[in-house]
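In what follows, subunit A forms one complex with subunit B and a second complex with subunit C.
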Partner chain A sequence: MERAPVSRYRRPWIAAVQKGLLCGGVAVFLALVGMVETFAGRQIIVGVFSLGLALPVLTAVVAGYQGSQRQAGGVRGAPVVRGALAGAAVGAVVSALVVLGNLVNMRSMFVSASPAMFAALSFGRGTSGIPLVLLGAAAVGAVGAAASFLSAGVRRPLVTALAWTLGVGLFQELLQILLHAEGARSAVRELLFIEDGLSIRGATIVFALSWGSSTVWARRGGAVRQWHGRLPAPRQRVLRLGSLGGAVALLLLVPLAAGPFISQVLVLVGLFALLGLGLNVVVGFAGLLDLGYVAFFAIGAYTLGLLTSVGEYGIVGLSFWAAVPVAVAVSLVAGVLLGVPVLGIRGDYLAIATLGFGEIIRILVLSDFLRPWLGGSQGVLGIPKPMIGGFEFRGPEQLFYLTLVSCALVIFVAMRLRDSRLGRAWMAVREDEDVAEAMGINLVNVKLMAFAMGAAFGGLSGAIFAVMVGSVFPHSFQLLISINVLSLIIVGGMGSMPGVIVGSLFLVGLPELLREFAEYRFLIYGAALVLMMQLRPEGLWPAEALKRELHASEEVGAAAGPEDLAASDRRGGG
Partner chain B sequence: MQSSLMRRLSVVDLYLWAFRIVVLVVVVWGMIGTIMARRYPGEVWIDFVVYGLSQGSIYALIALGYTMVYGILRMINFAHGEVFMSGAYTAYFVAAAFGRSGYLDRNPVVSLLVVLAVAMITSTAIAVLLERVAYRPLRGSPRLVPLIAAIGASFFLQYAFRGFFGSGFQAYPETQVLKGTWAIAGISILRTQAVVLVAAVLMMLGLYAFVMRTKTGTAMRAVSEDREAAALMGIDVDRAIVIAFAVGASMAGAAGFLYALVFKQVHFFMGFIPGIKAFTAAVLGGIGNIPGAMLGGLFLGIFESAGPILFLDGLGIVAPYQLKDVIAFTMLVMVLIFRPSGIMGERLVVKKA
Partner chain C sequence: MALLEVENLHVYYGNIHALKGISLKVDPGEIVTLIGANGAGKSTTLKTISGLLRPRGGQITLAGEDLSAMSPHGIVAKGVVHVPEGRRIFGRLSVTENLEMGAFTRTDRSGIEADLERVFGMFPRLRERRAQVAGTLSGGEQQMLATGRGLMTRPKVLLLDEPSMGLAPVLVDLIYDSIKEINASGTTILLVEQNAFMALSVASRGYVLQTGEVVLQGSAADLKANEEVRRAYLGG
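On to the complex of A and B.
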């Protein structure tokens, strides 16, 4: 508090260097944690730019942008110079790492401090590349600074075009699979890609196309929106339904077009979305932080496994369709049974108690004690794939539809629940338990229903997981699954169902598609949780109610601010 | 809040009583079974207790960090287990360097003290940084927000260590002097265990004196009693909070070193389970209560080392040691459900917890 005046009057270039050093620290962290080296293998533009290089470059851009920001009360300086200074500071920190790596063998401590990493950081020249690093970082910092005073009309298309180029480069594998066909599609592929990345020609084309179209949209987008707004309401509705139908049709066609790999990724995304939708009922709707959610996933999977398995531990050999309702029911009952004891526990104690339950179940399943029934660490094998008539859900392409239908069903149920009397009771409990109780809400029933519904959804996704893998092992049910699901809810937006889908696409889909990310998945999740809590606690796609609540004061302030100013201006002018 | 729920709905009440009775029956039945079987002579039980005490003193050291931070901020520092892990990793690196140069065996006392100091300093630095970057901006937000940030920080630290130092186990070097056993009062104790026990007890006494006797400690207690009033009395609340984090973390760093000394290996995930158990110990002793955390840790350690044989072996359960963690977690859940104020009975009003 008392330090604020000092920093306000500090010379802006010192602040710029400080920010640069901080960003340089981030760059060094990324390098030592291994991301630079691992990501260097992912070419964005072949031979020119890799994802590994993108990381330090991005930190320099951020440093330049941050360093160029004028501070309140500070002396005005040329922002670009300050940006360049901040960028150079990043370069200096990175160079210091390179020099250090040259002097001592860091590898005995940091496993990622390999020659390949230092090469990636110094353009392959070792210490002689340092002037180049400094200059390059300063230039990039200056670009970052320049970005802050381009007009929005120029900046936005540029950023969009860069993002598109980056995106196409990153997802080249996916796109190449999609374009892997004879004829026109193949021609497009050859135009854009060589081997495993964009060619320089391809990058230029993508950049130009997206830049052009987003410039056009920036000019004409308003007109289109106006045209849509002027349409009569029924026509708007038809348009909306039409685009929704189109999206569904496209989704149905995905496995046919994209093949097993992408279908597999989508099945996983769907499974985690199912889990997320279930946990969303407990955490998002009712505000009960459950860290042992994986237990219900495990219970659903094991129930299905034991009921359908043709292997050693199978009991009755039911068909999938007969076993799924049982699995869901068993998980639901388990949800109630584990829910009753924790009814009286609130907030963070509840999180720890549920975590305890989750671990107890995992350890019990793993133990030799229950081995005769559950198979111990070997698990339950030989779970047959589901059949409808003669159609077997053999691989990911077929299971995709199963997951899709389950997701649709669960979304429907969750939506109806949310808008029901029970759903409103959940929200009330989330906001304030004591007030809710005083309003006549039966806390016991309402909380148990939340646990039960969440558990049922978790059990369903466990059942699908069991048939997908074809076997059930205790090692699939680590606490990390709970954390994964929690992260995707938080990132997507607590209480928001589209948010869950967005969250699972980002947090489950991305690491599967970009396998370099998979290794750093939990590092990124952890950082995402911390950052989301600070910057956007309502999530990427927030639920309406939560957004209103969290930003109520800001909106009031923002809405009042300009109007007041305008009013006082008018008064002054008049 | 719990009692008002129960008075209204007897089914819940019944269920909870059934839960208690089942646990009690399992415990008593198991104990009778084990004692009747007479498979384990008295020395074995003494070993269990000694092992439990040394293990428990490590839990107690970690638990101090949980309890101090919770006392002052009403927040579970979920990443505290990782602070402990960072201490163990640092201890490993320093000890490995000493081991390579041979200094570790030439001058064991000095080198172990240096290892301990470096581990404590690193843990403290990490915890202070964590508080500054992740927790301080969230002061005053809804209760789940800092907890979720802490969970995020925990996984971030784990996987950052994994990225830095690799995903394998690292072998902590052995000190020649600490090999073998000492005979104390007719009981033979592993030397490492004795060192751990003594070091932990000294450390806890030091901490207790710090909190009770010094001005800073008094300020910390004042802040945990009533933050606004303390601020009005001219206490720098932010400083008190940082010191609580720092002191707790230094204890966790020391615990990390001692843990590495006993188990002779470090791993990026090693902080998680001890972290949860130490939290159990903190709750057991009444969270916010420093002597409670110490006793809770020792109690949990003994319970856990003797429990599998004492309670489960008598029931004819195969490989009861695999269920060691189940005992600890069951205890955690039961304390949270039935006695959230802890066995020491400190009444901490969890209003709107």
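On to the complex of A and C.
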């Protein structure tokens, strides 16, 4: 008891340094796996700030933010000093790495410990850059700390503006393609970008614009919402339909404006979203953990391939439109066939059993035994593109529409299923199988329906995948696909359909757009999943039920003012 | 004729012989209780009646009709509903959704509405918390919900497994009041309890189970007066 005042006085500083050292360790890790160097190639603000630099800077911000958290009160400004201390600790660890790299050649152990990496870490000055590193890190840490006690009204717009600037810088390639045209668009491009990044002028403009509009929204947003709330219901409906229509129109225009590369990425996002929507029925709605989901993707793709191919293994040469229903039906039946043997298996065991099924399908199509019909590792070639009248779904720009319509259709069906009697039965099974059974739910039917519907959606995705690539090979159907799909469901929010789309955009779309990420894809996946489970276990766009469960305590004080929002923010961050 | 009759029931978990030839019967409108020490086989008996476990020998009949080969949902459809032990509610669904799930097999909308009101009338706490996520209810409230959900199936025979487990005395009284009320409205009840005193005070007859066998049976009054029962289960 006597020592309490002493420790209260001393601990926050120690804690701040500890957090800083921890974050410094993260920064060193990121550097040694090569991310800093690889990402240094991606300019955000040309000549000033690269994505590579963003990594250690972000760790210092986090360190500062975290370091300032312990124990409010005390001396005014103390949190900022603690934040600076935590930041400096990050700088110290990074400097230590630079010094070490100067003394010994680390490349025999760490391939990425290259001169370029050390240059990126020390502002290109080697050991003489260390004071700068320390100072910079401390400053950044102080900023991170300051962010934690700014009022929400000030911090929100700042964070938003920074995020926008970072985002515009990151996606400059995409934006420059979009703005690649004569006239006004090209003028905007020249205003914002030089070479492969934002110009300083551009960064200032983006920052100022997003900061301004965010501040205005923070002030006036409430009034707008009130105005909207006061509108009579039919008018609100019209508004909602209008904005929905606007969004659809925008979506329809995307391929025209964005060109083949981005359309291709979006088609991929769409295919994974389809897979996600299907697996979501199985895992999210019915709670059956299926790790062999790729099997249905494969079955859909192969069925379509065999039915439509004009190549060696084609059997009937159906049109795409005639073959798709068959592919979906075959997958559906396969779903039931998979379901039957695993009906009595629960939880972890189910995951393992289904994992086996996924591998069996892949190995079967690879086998010599089925080679005469499926082509073994050579695959099925010569799958023609779909046609409607004279319109051919030739490339990604056209296939985008096919994927979009399929997604819309599947979302509609899945929504109806969720709200049906069957959907409620799925929910009950997910919550407690035994009790569901005791309530009179037919477990066999209900589970088989979940497997069947999930498989059908997966098969549809596979069919579109087959025409997109124009051929199907066994190696396209690795276990990793199942894992990807499961991850995107978890990141988006288990059981939530908008969550699936968001998850697919993040986990499939982002790595495609940011090529540097590709190499570290699974590192980033892993980190994203761990962070997700820590900070936002309900997912980016959670389903209602989950949100209720995980934030039950917060909901009690439903009338959250800005202060409460700030509080929940801080909780999210800590 | 007995409404529910169990004859010479043998149940195994692997090669553990859990029920060694149990026989019991429940007449229409009765409350019958099954008491016994931990691991005696009380829950096993209920699970077997509701079809969650398959007996290796013996017979279960409801008004003369054989239940022992029926699926669990078939048995629910016949009007035998099991409220398992341990407050197994659907944690992420709201109170109302949980109750509605109880009426899953029913299609009579107005009847469901009326029964919802009846359950809320019986447990006003649930009405107050109708929109709350069931997982965040207190233990007692969860037990009320589980019992209420069982009622929503509109059973002929309700199999209640330890409805008072872990509840404060006031709540035990409340649950038992509702058991009496449910029974008074025409539902036959087979009640499994650790709390032998409470069970024998509402039941008309009882069976004492010991390591998978019925060792004693009789009217509730006789059992309450029985020396052995007093010593073993009534703490006196």
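Here, the second predicted complex is superposed on the first by the 535 of 574 C-alpha atoms of A that agree within 3 Å, B and C clash if a C-alpha of one lies under 4 Å from a C-alpha of the other, contacts with A are read in each partner's own complex, and residues count from 1 in each chain.
In the analysis below, contacts are C-beta pairs under 8 Å (C-beta built on N, C-alpha and C of every residue); 3 or more make two chains touch, one makes a residue touch a chain.
Since this is a predicted model, take the numbers as computed values, not measurements.
Peer 1: Looking at A:A425 after the superposition, I want to know if it touches subunit B, subunit C, both of them or none. Which is it: first, second, both, neither?
Peer 2: The second partner, subunit C, only.
Peer 1: Quick check on the superposed pair: does A:A438 touch subunit B, subunit C, both, or neither? Answer first, second, both or neither.
Peer 2: So A:A438 only meets subunit C here.
Peer 1: I'd like to know which partner A:V342 touches here: subunit B for first, subunit C for second, both or neither.
Peer 2: In the superposed model, A:V342 contacts subunit B only, not subunit C.
Peer 1: Classify the contacts of A:A527 with the two partner chains as first (subunit B alone), second (subunit C alone), both, or neither.
Peer 2: In the superposed model, A:A527 contacts subunit B only, not subunit C.
Peer 1: With the two complexes superposed on chain A, say which partner A:L250 touches: subunit B (first), subunit C (second), both, or neither.
Peer 2: neither
Peer 1: From the superposed pair, tell me which subunit A residues show up as contacts to subunit B and also as contacts to subunit C.
Peer 2: 434, 443
Peer 1: Quick check: in the complex, which residue numbers of subunit A touch subunit B?
Peer 2: Listed in rising order, the residues are 1, 29, 32-35, 109-112, 287, 289, 291, 340-349, 351-353, 355-357, 359-360, 363-364, 366-369, 371, 433-434, 443-444, 479, 483, 486-487, 490, 520, 522-523, 525-530, 532-534, 537.
Peer 1: Residues of subunit B touching subunit A in their complex?
Peer 2: Counting only subunit B, the residues touching subunit A are 1-2, 5-6, 8-9, 12, 15-16, 19, 75-76, 93, 133-134, 137-138, 141, 143-149, 151-160, 162-166, 238, 272, 276, 279, 283, 317-320, 322-323, 325-326, 329-330, 332-333, 336-337, 340, 350, 352-353.
Peer 1: Tell me, which parts of subunit C touch subunit A in their complex?
Peer 2: Within the complex, subunit C touches subunit A at residues 50, 52, 71-73, 76-77, 81-84, 88-94, 100-102, 104-105, 132-133, 135-136, 149, 153.
Peer 1: Touching subunit C in the complex: which residues of subunit A?
Peer 2: The contact residues of subunit A facing subunit C are 421, 424-425, 427-428, 431-432, 434-443, 545-546, 548-549, 552.
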